[in-house]
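Take this structure, written in structure tokens, and hold onto it; I'll ask about it next.
Letters A, B, C and D mark the chains in the order given here, with residues in each chain numbered from 1 onward.
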Amino acid sequence: MPLSVAENSEKISIDRDTENLFLHVRNQTEILSNGLSAEDQCVQATAYTSPTKWHLAHTTWFFETFILKPELKHYEEFNPDFNFLFNSYYEQIGERHARDMRGLLTRPSIDEVYAYRSHINKSMLTYLHRGLDDGKLGLLDLGINHEQQHQELILTDIKYTLSCNPINPIYNAAEPWEASPNHEREWMRFDGGLTQIGADGKTFAFDCESPRHKTWLEPYKLASHPVTNLDYMEFIRDGGYQKPELWLSDGWSECCNSNWKAPLYWEQKGDEWVLFTLSGLRPINLNTPVCHISYFEADAYARWAGCRLPTEAEWENAAQTCQISGNFLESCAYHPLPSTKIGLNQMFGDVWEWTASPFIPYHGFKIAKGAVGEYNGKFMSGQMVLRGGSCATPQSHIRPTYRNFFYPPDRWQFSGLRLAK
Amino acid sequence: MPLSVAENSEKISIDRDTENLFLHVRNQTEILSNGLSAEDQCVQATAYTSPTKWHLAHTTWFFETFILKPELKHYEEFNPDFNFLFNSYYEQIGERHARDMRGLLTRPSIDEVYAYRSHINKSMLTYLHRGLDDGKLGLLDLGINHEQQHQELILTDIKYTLSCNPINPIYNAAEPWEASPNHEREWMRFDGGLTQIGADGKTFAFDCESPRHKTWLEPYKLASHPVTNLDYMEFIRDGGYQKPELWLSDGWSECCNSNWKAPLYWEQKGDEWVLFTLSGLRPINLNTPVCHISYFEADAYARWAGCRLPTEAEWENAAQTCQISGNFLESCAYHPLPSTKIGLNQMFGDVWEWTASPFIPYHGFKIAKGAVGEYNGKFMSGQMVLRGGSCATPQSHIRPTYRNFFYPPDRWQFSGLRLAK
Amino acid sequence: MPLSVAENSEKISIDRDTENLFLHVRNQTEILSNGLSAEDQCVQATAYTSPTKWHLAHTTWFFETFILKPELKHYEEFNPDFNFLFNSYYEQIGERHARDMRGLLTRPSIDEVYAYRSHINKSMLTYLHRGLDDGKLGLLDLGINHEQQHQELILTDIKYTLSCNPINPIYNAAEPWEASPNHEREWMRFDGGLTQIGADGKTFAFDCESPRHKTWLEPYKLASHPVTNLDYMEFIRDGGYQKPELWLSDGWSECCNSNWKAPLYWEQKGDEWVLFTLSGLRPINLNTPVCHISYFEADAYARWAGCRLPTEAEWENAAQTCQISGNFLESCAYHPLPSTKIGLNQMFGDVWEWTASPFIPYHGFKIAKGAVGEYNGKFMSGQMVLRGGSCATPQSHIRPTYRNFFYPPDRWQFSGLRLAK
Amino acid sequence: MPLSVAENSEKISIDRDTENLFLHVRNQTEILSNGLSAEDQCVQATAYTSPTKWHLAHTTWFFETFILKPELKHYEEFNPDFNFLFNSYYEQIGERHARDMRGLLTRPSIDEVYAYRSHINKSMLTYLHRGLDDGKLGLLDLGINHEQQHQELILTDIKYTLSCNPINPIYNAAEPWEASPNHEREWMRFDGGLTQIGADGKTFAFDCESPRHKTWLEPYKLASHPVTNLDYMEFIRDGGYQKPELWLSDGWSECCNSNWKAPLYWEQKGDEWVLFTLSGLRPINLNTPVCHISYFEADAYARWAGCRLPTEAEWENAAQTCQISGNFLESCAYHPLPSTKIGLNQMFGDVWEWTASPFIPYHGFKIAKGAVGEYNGKFMSGQMVLRGGSCATPQSHIRPTYRNFFYPPDRWQFSGLRLAK
């Protein structure tokens, strides 16, 4: 939620670009579901993933609930059951369907959900054409960014779902990986000092990125690119998964209880490791960033390497000068690619980078009034910040101040790490 | 498994009736899936139910595994993955897909499963036309009866699945229930003595129904028809679900832990009870047999009524003179109907009747050699016998010696009770 | 509960023997706790075992609740809290302390519990000296037999508790085991026919042993003595714990989930097996009956051996002619001993023998009125009958009609098996 | 672990004060166990508490393992089993007894554990009299401080244990609480700026308190004293436990799942709340700091009050000028007392104050070599920092830089909160 949006209520007309952005994002979501059958889009493999169909409907419900119902005169609700079925976690909106039962919603059908999307799109265009209050621009931006977040989740969730099928289904076909040269890790030095991080409110940012505030940084170094599969394999070969002294205590419990031996989606076939990807089972490309590791694994790897994870302030301070380009959702690889540059690179795209920072409020953070206040603020305990976006993040969605967050044991996102000293 | 089938290996030609029966049963299964979408047929609501698609494939796998692969020369396997995916519990056939993960098999698609069914049907006709060894007739009968069992499960499982959807989907539309007169319970008297129960091997029966053997019965009485919703409501109103002294100890724990207040699928709307049925949410018909109760509830009800459950020997002894007619799968009601006769009636169809008998081997029971030996024998602990078939049982599938079995807390079958003294 | 006790209410005077029996049994219980520290007697290792102190108090509560409070005029309750603390499972007596929290009752202290015992003993003597109603004799017998049951549980529960201590504490010191000759198994033949089993009500028996009733038995054979450790080791060596085809389905799940490799208390030290016993860790005596096995293991062993378990009717029919002598609690071995006789032997004592019979009511069984009706009847589901008593059973407590019962996976009793054909 | 201790190895002689401190602390621990029976000291109520006996032994094992075995020539181990039994979580020391099984160690007896303590005390005196390497002084300090931490745990763990007993046992008798005036909350203002926090290494501090480092603070205010029971009751009356919008998402789940309605140890008797304390069940003293609340409750309360929790840097910055005096272990109240001063007070003692800061390493934190490195560092995930000590903390153990840490749902410590803005 942008904090800078003025509270006056003059109608402002939405320009063509905003409308196009809205339609583009809505369309992009549907493109992601194109290759999937109704069955693929319906099931739920575990409580923390959601069916594609649910994502398609929930992002639509968001516009209906936070914009159309309160703002569009004479708006007619598409289906009154949907408020119960497709509310994710907004307590202030009312009762909702249990999160771990989303996969049992064989009805409404995928066709009905598409009709729902279409209905909402049309109503949104009506709403946008009427012009909207300046104060509501933030909600439109929020809805668009919210949908982009779910685009990434559609990919990570369907990947998890398909991985549970012993026949290793393919989401999108891909070329074999070409050999690529291994780039040596360089150490990039930063001076630190009394710096500023956080969103300044001039462009859209989530509430949790605000306010921009001072923080003290000691001098530090960052690795030029993320840890690669090649790097990580040495950790495995050196017994990294068998040495409690490398792990946080909770991490070691998780490692033992979940019987971790490698990142998620790695499978040992004889002497070799193969990977389950959105293009099915594939051999490992050694020079791509390691991916689908938990915070606990990232932390253990860093300790093993005699380094540490960067804090989010260190990361953001370094990222402020980087260009936002790289391997995003739009490149349709849906998998990280090797580093091909020298100097600080791959800060954006490819893999989310676990930081050493718990997801807590910035000094001066204020929760927004009403149900949208539940967007980020209530998750500020027990999770760690990841930075930089991944191969499943839309390019226009990411920025240096962006704070993603997941629980320390979570592995189903495209999550990797970059070393710091 | 019939024990009487001679072991000589002269080829015998299958008559038209057998072939027709095979095709009829195979077709009947598909009819049951007709009204369901690909999504409906894919998901799994709980570990003990299976997706429709899985039932369609598993029954097909049964013919492929136990007949076509060992018996049909040059038979070409449809898809080698299917042996892993669609084996239910046959340890001797090899590793299999985890039971509680069946709902994640979005692939193969429902169309592929239909193609599998078609491939197997054609191969089975080839096999049947060649004539078959006398000793293999039993396997054909077993496969047909196996598929009929899964027809019932398709209905009970999809009912459970749809019931998990808050919008109460309808499987098949139904007329409103007409009022019907309430029949008074009469007590039918039986002399007992040294009687015989069990299958004599002259017609098909499952292995667990054999051998026919002597058992001593004291004189006993059976109620003329099953306990009705009207009867059961009095138990509820009298606090039956709040009085531990009416319950078995394990039943009381289950009742408290699962927060039972009424049979499965009963829902209180204000002062009234409604039922979830395969025709959606409906008011209660008071004169139909109570249904979807566990053994624990059946036992508690009987104790409350000052009666008891019949033993399976008592039930079978009484049933030997009854005609097999009534409300079965074929009537497409998919719900029990009221008693309309006097004298001993509704012994077959409408609801399975919980007996007081644990499912244990008859004296002299022998487990068949090979994997089909796992069909029934290994389940002979912890389960209770039910008798008589239900509104979801194919009529040709049931007989007086038939022993169905479920765990004492199970409620998702069409299970009711008949009182005894 | 004896069903034959006349309901007239003339006071009858209790003879010296009855009083002595009461005092003897009460004293015997305390002797069992003598070697244990206050700490040993306080803790609870798992929900299904109870602390010694709790047994000492609960058996006392039984006399207070069922005899002294209702029958002894001017009886003064020892401590009103105790009715809550020491009620085991009698719903009709009121709320009670959670079963799995018994080990947290550090107060009352063991000394207070001894004072409680003493108070109740004195009051009971007062009560007995006044003479008692004929109809109450059954309650006295019940209380005495109840306490004897808990004597066995004191031993089996403390054995389990001490086994959880890595330093292998010793309950009572024992001599090294002498070598003994291995007796060959003989097969004893019985004719069966229309026989009678069950208690006839002339002497004390629990309610579940009644009524005596007819049952039909086909001819059968029993092994002369229980399966020995030597026999059982062959089963282990032959991979018995790795072959699902030998197991009931629920048994195989339990075996896998609990990672069973041998009976409870067996530990592999290098190439050898040792046993944890009430005399600490000891080498295995090959000729003693195998012990601390579940029903599932007994059943799998019997299947492996090409035999089966006897039914309880077969066992009782055979036992009716045997003398009740052998290795009981009184011999203070607290461990089974080798067979030293030929012919049918060790039917009583040494190890409880799992039968093939679920614990269900005999035809005509009636639950007693009031809370004592909860003694056995409400446990009649999901458990299997064991017969014959063990090395931890008081000799005067056992009889041919005695029905003990435990769940199929239970292993902490002195439970073994005898083969049948 | 102090980082400042010089690494030269000249023997230095320990002065009388150090020896006295050692003996005083060792003796203090035993005093805490005086009023408890052997039974009280043996049991374990939940996995996260430990028996008193275990604390007595484990603190002793610490000196034996980290000082006597490596440092004292000819030291003879008291009992080789104890290294397995009384290691808490030091992976590098080897295998250890399962944490949740500590309550089953009825042997060694409490007397043996006291003998162990005595043996170690004697050996430690021998060691201290010989003089010790300068580099080992830190280990001695660590052992002493470690034992002081366990003194607090002895009190909080026995409180939890006794609370599980329905008869509400008393640990130490106490006078009735006198009425005391309610102090109004004042707001104390702090300027912030570029400040320093953390231990400077001149006196003993745990490793996690180091290094002293710069941090930027915006201006902030702290409440003059902690939130009281009176304050907290308003939150309860206002429906604080029923309003999800006040809670962190994980906190709300915990609140619902654990059915929280009030702080731990509060019990509603009719219209009134009573408290379980170490002096048994008592009425609530309204002016004492609220206590036994989780981080989630502290956070929800602060949000309800329109304030927030202080960060640990804010707290430490404010505490640097406060005198360390107040209600500690030594006052033997074992319960918080009302504020009696004006201005910033009760920063030390009474209740630990939850801060908004996750327990993570300070910039530049180094884990010590060897097993003592496991002391704090491996717990740096998922826990929150608490500051200031409590009524169960020894006075000499606390300091402004002290960082205590527990999981957000933990409630069995004497934990409260102070508001910030």
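Note that in this section contacts are C-beta pairs under 8 Å (C-beta built on N, C-alpha and C of every residue); 3 or more make two chains touch, one makes a residue touch a chain.
Note that the structure is a prediction, hence the values are computed from the model and not measured.
Q: What chain lies farthest away from subunit C once each centre is taken as the mean of the Cα atoms?
A: With centres defined by C-alpha atoms, farthest from subunit C sits A.
Q: Return the distance between the CA-based centres of subunit A and subunit B, expressed in whole Å.
A: 47
Q: Let me have the rounded angstrom distance from the C-alpha centre of subunit B over to the C-alpha centre of subunit D, please.
A: 60
Q: Once you find the CA centre of subunit A and the CA centre of subunit D, what distance in Å lies between them?
A: So the centre of subunit A lies 38 Å away from the centre of subunit D.
Q: Check the chains against each other and report every pair that touches.
A: Every pair of chains meeting the touch criterion: A-B, A-D, B-C, C-D.
Q: For a test of understanding, state which residues of subunit B touch subunit A in their complex under the given definition.
A: 37-40, 42-43, 45, 81, 84-85, 97, 101, 103-110, 161-162, 164-167, 169
Q: Which part of subunit C faces subunit B closely enough to touch in the complex?
A: Residues of subunit C touching subunit B: 89, 91-92, 194, 213-216, 218, 244-245, 247-252, 295-296, 299, 356-358, 360-361, 363-364, 373-374, 378-382, 408.
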